[in-house]
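Read through the structures below before going on.
In what comes next, subunit A is part of two complexes: it sits with subunit B in the first one and with subunit C in the second one.
Here is the complex of A and B:
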């Protein structure tokens, strides 16, 4: 029987395999940031261990960093300590660090691909759940906790039970690809399979609806695999993948011969079997808006808020969850999504803050002003994205519309730095999680695409972007 | 292992409510623990006792890979989380660092056990006894692999079977 892409990558990275034991898997790239690494480095020091492959380990600072003027000192002492600790650790252990002043600084999942560090067929780990993003390049990319970070630093390997393989087919063609985006595809998937639908699996996204997407859009899809509970998300590499990675700063010197070897190998065999399957048809899907407190609580922009009974299909916990979510979100069943007013707009995060996201959002905004009761910000995914956007004049479009134009980082996606919602504020956000308090205590998050967020900023409430002229 | 139950009768308890992002800068685990579950239950810190267990629904620990989540619960005194199912990174982190036992339960235990019930967990028999209500339930056994890592006392003490 043939093999899936996941099985091929898995098998080529096994160091130790014994029945009824986890497998020891070799890790090709380890990405490190300031929040989940300090205890891991401390563990190495306590045990007198070195970093086994500093040359395969790359660090940056993203979660905690200020997105305002970086010539000013960081006021939050604990943030400042965490950032300085990463600097000290990288120096001590000989790890390449893209620090706060580096032109390559940015969200770890944005900089990996744009620097050519993320490669097809490789294994990548990072102490961050959205590591699944790198799967868009046909890499097996896993989010890990701090104990595993330490294990990988020390050994360049990790113990892992083999996940199951899950095929998600995305079939059909979007009628308006500028209005119905990769974000809407992945939110539709999670709405259908649920936040636990991918638990214990590696998802491979396949079909015309996926191969049609650009690399940056594919990253949005793989990024949110974790929101369906999956270990990782994968897309088989093709010419778009190979083109994207060519001539990047860290693209390997023997790149063309690598591409030749990837072309034949890095795909699922036609007779391979997946352990789980789901198909989404996208011909008629609408822009999506989350209404609740997990990404599965999502509906079409043209819908109204479902009642907990409608949503739960008889499952008591689901019903209770929906009731609690509506209470937290201060929403009533039956309210039209388009009638929900918003206070804040956040265009940013490892899900949707790449150049293409900013280009698409800028088309909605050009020549307009944001609604007078809305505060809006753009936080580019990396300093390189920021620079490229500025070269195209996108910063002016956003600033003229009264958006704030910030420095790169995770920012309001997870509310670790000063970019947070105040209690009760409602935000249209291009990020990945609408959990209670995620963007600040009492903050209310609606997950949307960059174009939907941009349109909401202009109108002060959600609008169906299919009705705008975006071409 | 005996303890009392703190019950959250809902699915999808995520890592952002277990330990909100703003506290990920805290390196002192005792201090971290004072913010455990703050996003969902601000009274948690005042009511939790050493040896307590949490009981919850499906997909417990979904979201971020922050190991701070099982650490904050563990340093609050929580010895085990009983849930209908777990998100895998949380599950793995809990086991890797030997912070607490993630125990998968069936619907009968979820329905039968109430807040404050005194529970005894016997991992060797895969059995949960509700002392308060005089009931017993089966827990889902740990996989062979997970059982070995738990028995070793975490990932760093684990060695694979020798030939």
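Here is the complex of A and C:
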């Protein structure tokens, strides 16, 4: 029987395999950031261990960093300590760090691909659940906890139970690909399979709806695999993948011979079997807006807020979850999504802060002003994205519309830095999690695509972007 | 890591599904650079109001559960962020056993690295345990849970069981395979980053 892409990558990275036990898997790339690494480095030091392969390890700071003037000191002392701790640890253990002043600084999942560090067929880990982003390149990319960060630093391997293979087919063609985006596809998937639908699996996204997407859009899809509970998300590499990684700053010197070895091999065999399957048809899907406190609580922009009964399909626990969510979100069943007024707009995060996201959002905004009761910001995913956007004049379009134009970082995706919602504020956000308090204690998050967020900023409430002229 | 002993305790019922790690330990408390002291931040936004007064309707604030070492919760416990701080907070607070019908993968794996035992049980059994008011006993060695009125077994991966029972350092275990790692590196085609 044939093998899935995941099984091929898995098998080519087994160091030790024993029946009914986890396997020891080799890790080709380890990405490190300031929040989940200090205790791991401390563990190494306490046990007199070193970093086995500093040459396969890259670090940057993204979660805590300020997105305003970088020449000013960080006011939050604990953030400052965490950032300095990463600097000290990288120096001590000999790890390459893209620090706050580096032109390559940015959200770790944005810079990996942008610098050619992410490679097809490789295994990548990072102490961050959105590591799944790199799967867009046909890499097996896993988010891990701090103990595993320490384990990989020490041994360049980790013990892992083999996940199951999950095929998600995305079939059909979107009628308006500028209005219905990769974000809407992945939110539709999570809405259907649920936040635990991918638990214990590695998802491979396949079908015309996926191969049609650009690399940056594919990253948006794989990024949110974790929101369906999956260990990782994968897309088989093709010419778009190989072109994207060519001639980047850290693209390997023998890249073309690597491409030759990947072609034809890094794909699922036609007779391979998946252990789980789901198909989404996208011909008629609408822009998506989340209404609750997990990414599965999502509906079409043209819908109204569902009643907990309607949402839960008879499951009492889900019903109570939906009631709690509506209470937290201060929403009533039956309210039209388009009638929900918003206070804040955040365009950013490892899900949707790449150049294409900013280009698409800028088309909605060009020549207009944001609604007078809305505060809006754009936080590019990396300093390189910021520079490229500025070269195209996108910063001017956003600033003219009264958006704030910021420095790169995780920013308001998770509120570990000064960018947070105040209690009760309602935000249209291009990030990945609408959990209670995620963007600030008491803050209310609606997950949307960059074009939906931009249109909400202009109108002050959600609008169906299919009705705008976006071409 | 300490070796895992038999636990006898009342259960703390947290009757919620999809409890995410942002709720277990909110983001503002992730800035510490050590593993200790996270217990006071556990479920912070559910335990305290905006003035940091205890909310009387949250289960952890009920004095009855003060010394409980076993948390019982709904489906998909620990979903979301990979932050191991969630496990450090649960452990520091006093929980060493978490029982739920299902767990998120990364959280599940993080538990074993810190001497916390996550147990998956059938939805119906979990619902009964949520109502259990007496002492229960969790015996990892024999994979048995005893309540005042019943006895049930649970599944656990044999490797993870050994790690917990013996309090093993899995990095030290891995170092025993140094030759295999070296062999792998010799044939690997993925080049260095730098």
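Assume the second predicted complex is superposed on the first by the 471 of 471 C-alpha atoms of A that agree within 3 Å, B and C clash if a C-alpha of one lies under 4 Å from a C-alpha of the other, contacts with A are read in each partner's own complex, and residues count from 1 in each chain.
Going forward, contacts are C-beta pairs under 8 Å (C-beta built on N, C-alpha and C of every residue); 3 or more make two chains touch, one makes a residue touch a chain.
Computed from a predicted structure; not experimentally measured.
On the shared subunit subunit A, the superposed partners subunit B and subunit C overlap sterically. When the two structures are aligned on the shared chain, A:446 is found in touch with neither subunit B nor subunit C. Within the superposed three-chain arrangement, the count of touched residues of subunit A is higher for C, of the candidates subunit B and subunit C.
Looking at the shared chain after the overlay, A:156 reaches subunit C, while subunit B stays out of its contact range. By the touch criterion defined above, A:229 reaches both subunit B and subunit C.
By the document's definition of touching, both partners, subunit B and subunit C, reach A:200. Of the two partner chains placed around the shared chain by superposition, subunit C is the only one that A:15 touches, whereas subunit B remains out of contact.
In the superposition on chain A, contact is made by A:49 with subunit C only, not with subunit B.
Contacts of A:252 after superposition on the shared chain: subunit C is touched, whereas subunit B is not. Counting contacts by the rule stated earlier, residues 16, 20-22, 24, 35-36, 38-39, 63-64, 76, 78-79, 81-82, 127-129, 143-148, 150-151, 159, 161, 195-196, 199-200, 226, 229, 231, 294, 317-318, 320-321, 324, 414-416, 433, 435-438, 441 of subunit A appear in both its interface with subunit B and its interface with subunit C. Across the complex, subunit A is touched by residues 16-18, 20, 22-23, 26-28, 30-35, 45, 50, 74-76, 79-85, 87, 102-106, 109-110, 113-114, 157-159, 169-171, 174-175, 177, 180-181, 184-185, 188-194 of subunit C.
On the side of subunit A, the complex with subunit C involves touching residues 15-16, 20-22, 24, 26, 28-29, 35-36, 38-39, 42, 47, 49, 53, 55-58, 63-64, 76, 78-79, 81-82, 85, 96, 117, 119, 121-122, 127-129, 143-148, 150-151, 154-157, 159, 161, 163, 195-196, 199-200, 226, 229, 231, 250, 252-254, 258, 261, 294, 317-318, 320-321, 324, 414-416, 423, 433, 435-438, 441-442. Interface residues of subunit A, counted against subunit B in their complex, comprise 16, 18, 20-22, 24, 35-36, 38-39, 63-64, 76, 78-79, 81-82, 127-129, 131, 143-148, 150-151, 159, 161, 195-196, 199-200, 226, 229, 231, 293-294, 317-318, 320-321, 324, 414-416, 420, 433, 435-438, 441. Across the complex, subunit A is touched by residues 9-12, 14, 16-17, 20-22, 24-27, 39-40, 57-59, 62-67, 85, 87-89, 92-93, 96-97, 143-146, 148-149, 154-156, 158, 160-161 of subunit B.
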